[in-house]
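In what follows, structures are represented as structure tokens.
Shared between the two complexes below is subunit A, which has subunit B as its partner in the first and subunit C in the second.
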Partner chain A sequence: MTRESDKQPGGYGPPGDAPRLIGQGSVWIMVAAPTIWALHFVASYTFAATWCAKAGPSLAEPRWIIAMMGVICVALIGWLALLAVRRYGGVFVIFEEITESSERARDRFIGHVSLLLCILSAVAIVFTALPGFFFSTC
Partner chain B sequence: MTQEIDLSKLPPAEPYDEARDKAQRKRLLDVWQEPPGWKIISAVNNDHVGKWYLLTSFAFFVFAGILALMIRAQLAVPDNDLFGQSLYNQLFTLHGTAMMFLFAVPIFEAVAILVLPEILGARDLPFPRLSAFGYWCFLIGGVFVCGSIFFGVAPDGGWFMYTPLSSNTDYSGLGADIWLLGLSFIEVSSIAAAVELIVGVLKCRPPGMRLNLMPLYCWYVLVVAGMILFAFPPLIAGDLLLEMERAFDWAFFDVDRGGDPLLWQHLFWIFGHPEVYIIFLPSIALIATMLPTFANRPMVGHSWIVLSAVGVAFLSFGLWVHHMFTTGLPEISLSFFSAASEAVAVPTGIQIFCFIATMLVSKVRASVPMLFAGGALAIFVFGGLTGVMVALVPFDWQAHDSYFVVAHLHYTLIGGMLFPLFAGIHYWYPFVTQKAMSDRLGTWSFWLMFGGFNLAFLPMHWTGVMGMPRRVWTYDVTDGWAVLNMVSTVGAFVFAAGFAVLAVNVLWPRGRQPLVERNHWNAGTMEWVAEVPDKPWGIRSIPYIHTRYPLWEQPDLMGQIDRGEWFLPDAEEGKRELIVTDILDARPLYVQRVGGPTFLTIGSAVCLGAVFILATYHLWALTLAFGVGFIGFTLWWLWTGTSEIPERPEKYAGRGLTLPTYAQGNRSPGWWAVFITMTGDLTAFMGLVFSYFFYWTALPDFFPSADQIPGISWLLLGLVGLVAGWLMTVAARRLLGEGRRGMAVGLLCGSVPVGFAGLGAWCLAAWQAGLDPTAQSFDAMVWMLILWMGLHLLLNALMQLYVAARILARICTPDYRADLMNLTLFTHFLALTAVVIFALLAIFPMLMGAA
Partner chain C sequence: MEELFWVLLIGAAVLWTAVIGAAVYAQKRQVDPSLERQARWFIIWGGAVIPTLLVGGLLAWGMVILRDITSDTGDLTVRVDGERWWWRVTYEGPEGDVVTANEIRIPVGQTALFRLTADDVIHSFWVPALGGKMDMIPGRETTLALTPQEVGNWGGLCAEFCGGAHALMRFDAIVMEPGDFEAWLAAEAAPAQVSEDDPGFAVFQEEGCGACHAVRGTDAAGPVGPDLTHVAAREKLGAGVYEMTPQNMALWITETHEMKPDIDMPPYPDLDGARLDALVAFLMSLDHAE
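Our next item is the complex of A and B:
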């Protein structure tokens, strides 16, 4: 039930300041890509550790699982990058000057940083997946 | 889209009236004035607490530095017997411990508490009393840990306290307990500061300071405080396991009883590696803040630095095993961490390139802060490069535990943390004291330290490669390390001389020296708006910000602020007030009232300190007594200082803006503080979950026979009780909102026994299965998870009764029910924890076919 004291002051703020998900006007898209990297990293590490402890020294089979995980995660990040460009208006520029004081500029800034983080996270995921192809045993 | 007021089209300020200005200034002064005389220790203003924090951290730095000089004196010549071996072990352990836990991390909090509110154009941080509490915890814990060396009982197991050396009481005495309990206590203050700083950056920005306009320093603070929240709790979980083994003989690290010493290394380094970046990022943030000032232009690649800070923060959590390359983990695991260790160099490099680019495109003004910043970059880049070397597994196998690593870590930490900090000291000294430092002494101290540092640590790369292990007490003349060690020792003393010059420069009494002019360096960030001489209120009126460098890009901003033309120029109600804004665009949401000077936080910190100190000596009765004292002081502090019902629901903040004076749910900083604290708590819990799965992977027979697995029926019953307790709280929130106070109080009080009954059922399940925590790691793990739940239930019970009492006292009402909302948020986390524990105790063994 909404009470008088729950209401926003007339027109000053958004209805509730709850963290929105990665739809437009949210900061969560910034951490989404690195979070995928983190999940991928933990999954790869856990999977390899469990495999080596419980299954055996050959890495021939898990190699493809590690590769698949990498591909899926990079694809997810690609989708996030698309979102950052399309919905937030993120651009890839070196000399960033998004200093205008408007909601749209804030969105473009978040989109731009998210895009950069997507690239970094994708590179880091490739880094993590590479060893899977060089090692044949634990 | 949401309806939005255009802050740039506010009505004009009222014409200046000198009498009004004077009256407002007087009222502000009355409210923000620090208490006179000795009572100043009860002050909670960020400028006081920040200064104390800074000086205390530096005191510990000097202490740890003296220990370092003693180490170097001992190693100066071969076969030296200046200090005994036992004392030497204490020296290097305490040197590392104090530098890391009592200097490097607290100094971040100190600087942030001191300058963050000013950079944000805020009067204070959202929870000033929490900062004060954190400071007193830090002081007490630090003195306790450092003081131990004067009694010959300092920790001596190395600053990372590896088990089984530290878990077996035959090999390690009181020192290990002092380390564990003393540092756990200090971690409390770190997490308190992290909560404070995150909420500060997210919710206390000045109106209009959108995310794209937020200064780089704030980004770094946000990122680092977030890292603390995920890095420190696993260590707290590790401390808990280790102390339970030391004090009560629970089987966590003892191989004979199914424990595993490697678990400690994991938990320690999951904390320890991010910690390196927790130390490094805030210092590099100081460079990022002062560089634009001296370059006289905005930072090149502002957003790239944000990228780099966020990227480093994440990647740094994937590096911990590179401290464990020689422990015999599968090579494939090592290579994941090696890859991440290489990857982290990418974002780290990006921010360095941004700095260089900014300097290249402008004409940098020569100054002492820039001298230190330049030296910092040179040293750090060198240390970073050796870091890339040791990130490679084969190289690390050669260099591990040798002086090469000692050299590497000092290059990164002194270059990445200490020199930028010294640059910051020179830069902000006029801001804090309104006096200028001596440039001559500054230059002297820089060159002495820069030269001394390289003289001391560069040769260590060779001593390491020549085979000198770290932490050796002495060495033989035939080892061939004598000359290099002597050079290092001379360098260390030159470095110390440089620091002494800096200390003299900082502490020199400057009573008669003229005050500096305002905005001494012609900077663009808000902290330089402070009046000279300084006023206790932080900022005269809180302006509307619409640029990244307001003092450069918003003409006459200083004058407008001074004339009180912006928000909250007055303190008519005699209360300390801040404006809370929203996360994305900093739209003003409400006026928050914060607490003033108090002794309650000191009482609270002293009691909590006594609890940790007495527990070290196993004086359980006294520990309990002080525990009760701590609860008493804390409840008193909360009851009298938080969620007060305002005298009227809204107030006029100036410039046509009327704001509410109370907020609850996710609009109030308190709610965010609970959310953030509980995220940290959940991380600590994840540390325990990690331990559980670690045992499961590492031990072939972690699960005992089926009859020793706790029975599912009791476990399920327990879960039902715990979930019911949570639902009752949720229902109470709803009922109170509908005005049914009696029902709400009944549910809150009733949820306490229901929750405990649930816990009882779990205990019964474990007891019936005959689990003995001192016998096997599985048993110990099960009891630890139940104990974790129990500790949280105790806290929960206190809070339920507290809120019930608040409802009865009509401080928590249907309209003003922030307390109950925060409590409900807490119980959400509790319910999640209960479900996960149930899954670990009942479901997972069943899935694995053990039950």
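Our next item is the complex of A and C:
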């Protein structure tokens, strides 16, 4: 199986091509998933608090919005996980240590870390949204 | 609630044994490089996947329990307002509100929904034996649903420091047979039987007690302190603190701040002799009609 990361050993694309924000060599993918979780967290709580203060004691309708936010964020993270695998060659479990100093090894490391962070963030988002399903009142 | 305790205890015991067992096993065993892959999978399942699922499951279960005790339906609704340092209690009875204080009575096997508020500072409503504890917050209403399983007197208290007499802010939480409860609520709803020429009631009026205390059936309607309509029917005096006896009642009036420091009721050290006796007799007569 060839991966995108195999095709361009050490390269950042053709000269003149702007480096991708999320592509080989760029570390932004590592912070992306936790950032989505953080934004989701702040957004959920702000939204629920505002709703409770303004609209009153039932959470029955906003829980759908909370659920939608959760689904969108988890989907975004799923897409990032896909990129971590495709562009960086990240794997879930590393069986032999990555010690080699090369672009390829660095990418694989970033891919691996990002993938794990994606999983962690997705679980965290589910935990954040969970109370919305159990409580229908403020 | 008790079930939860056992599940957590046994679950913790099993997990503890497994973890310590694995540690001892790892100590004893020779290093075997060929098992490295297996070991990694073991770490991933045992260290990440299973704990995540377990914590997720416990979280969900905990929320189901929390939902039940914070639900907003019940067979009976009781409003409790936390005051410094006593409890204003209002039963939403079949024939309208019944106001009383410092004692909670609920029928066994039924869900009582408590709607909790606070007057000026935060208190916390807690009956340890019945489970659940809920803060009472000024300007907000919190709810707590309790379903007692056993008849008895289960003490309750304020569980959030609220100032000087916080430690003396208690109450009796009495669980009764449903029939007894109905009878009690009906008696509590009835106005006090006070005769016009009761000398104790005259003292009560002269001393201005009625400015703070209400005695339904008379023109004493003060909203500041506990409702005294059936004060002598309570098991305890002064928010669950003293036995309801004439001696304690007399001390409560003359040495108020020795009995309960800081409270908003002034002491009446000059009351004595026949006037004090009459007042105490009047208060002790504020019982349920037989």
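Note that the second predicted complex is superposed on the first by the 115 of 138 C-alpha atoms of A that agree within 3 Å, B and C clash if a C-alpha of one lies under 4 Å from a C-alpha of the other, contacts with A are read in each partner's own complex, and residues count from 1 in each chain.
Methods note: a contact is a pair of C-beta atoms (placed from the backbone, for glycine too) under 8 Å apart; a residue touches a chain by one contact, two chains touch by 3 or more.
Bear in mind that the values here come from a model prediction, so they are computed numbers and not experimental data.
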First, second, both or neither for A:31, with subunit B first and subunit C second: first
Which superposed partner A:95 touches (first subunit B, second subunit C, both, neither): both
Which partner, subunit B or subunit C, touches more subunit A residues: B
Which of subunit B and subunit C A:54 touches, first, second, both or neither: first
Partner chain in contact with A:131 - subunit B first, subunit C second, else both or neither: both
First, second, both or neither for A:123, with subunit B first and subunit C second: both
Shared subunit A surface residues [contacts with subunit B and with subunit C]: 95, 123, 127, 130-131, 134-135, 137
Subunit C contact footprint on subunit A (complex, rising order): 93, 95, 123, 126-127, 130-131, 134-135, 137
Complex contacts: residues of subunit C adjacent to subunit A: 36-37, 40-41, 44, 52, 56, 59-60, 63-64, 66-67, 70, 72
Complex contact set, residues of subunit A against subunit B: 1, 3-6, 8-9, 11-19, 25-27, 30-31, 34-35, 37-38, 41, 44-46, 48-50, 52-54, 59, 94-96, 98-101, 103, 105-106, 108-110, 112-113, 116-117, 120-121, 123-124, 127-128, 130-132, 134-135, 137-138
Sites on subunit B touched by subunit A in the complex: 1-5, 8, 208, 210-213, 298, 300-304, 306-307, 310-311, 313-315, 317-318, 329-333, 335-340, 342-343, 346-347, 546-548, 582-585, 587-590, 649-650, 657-660, 662, 664-667, 693, 697-698, 734, 737-738, 814-816
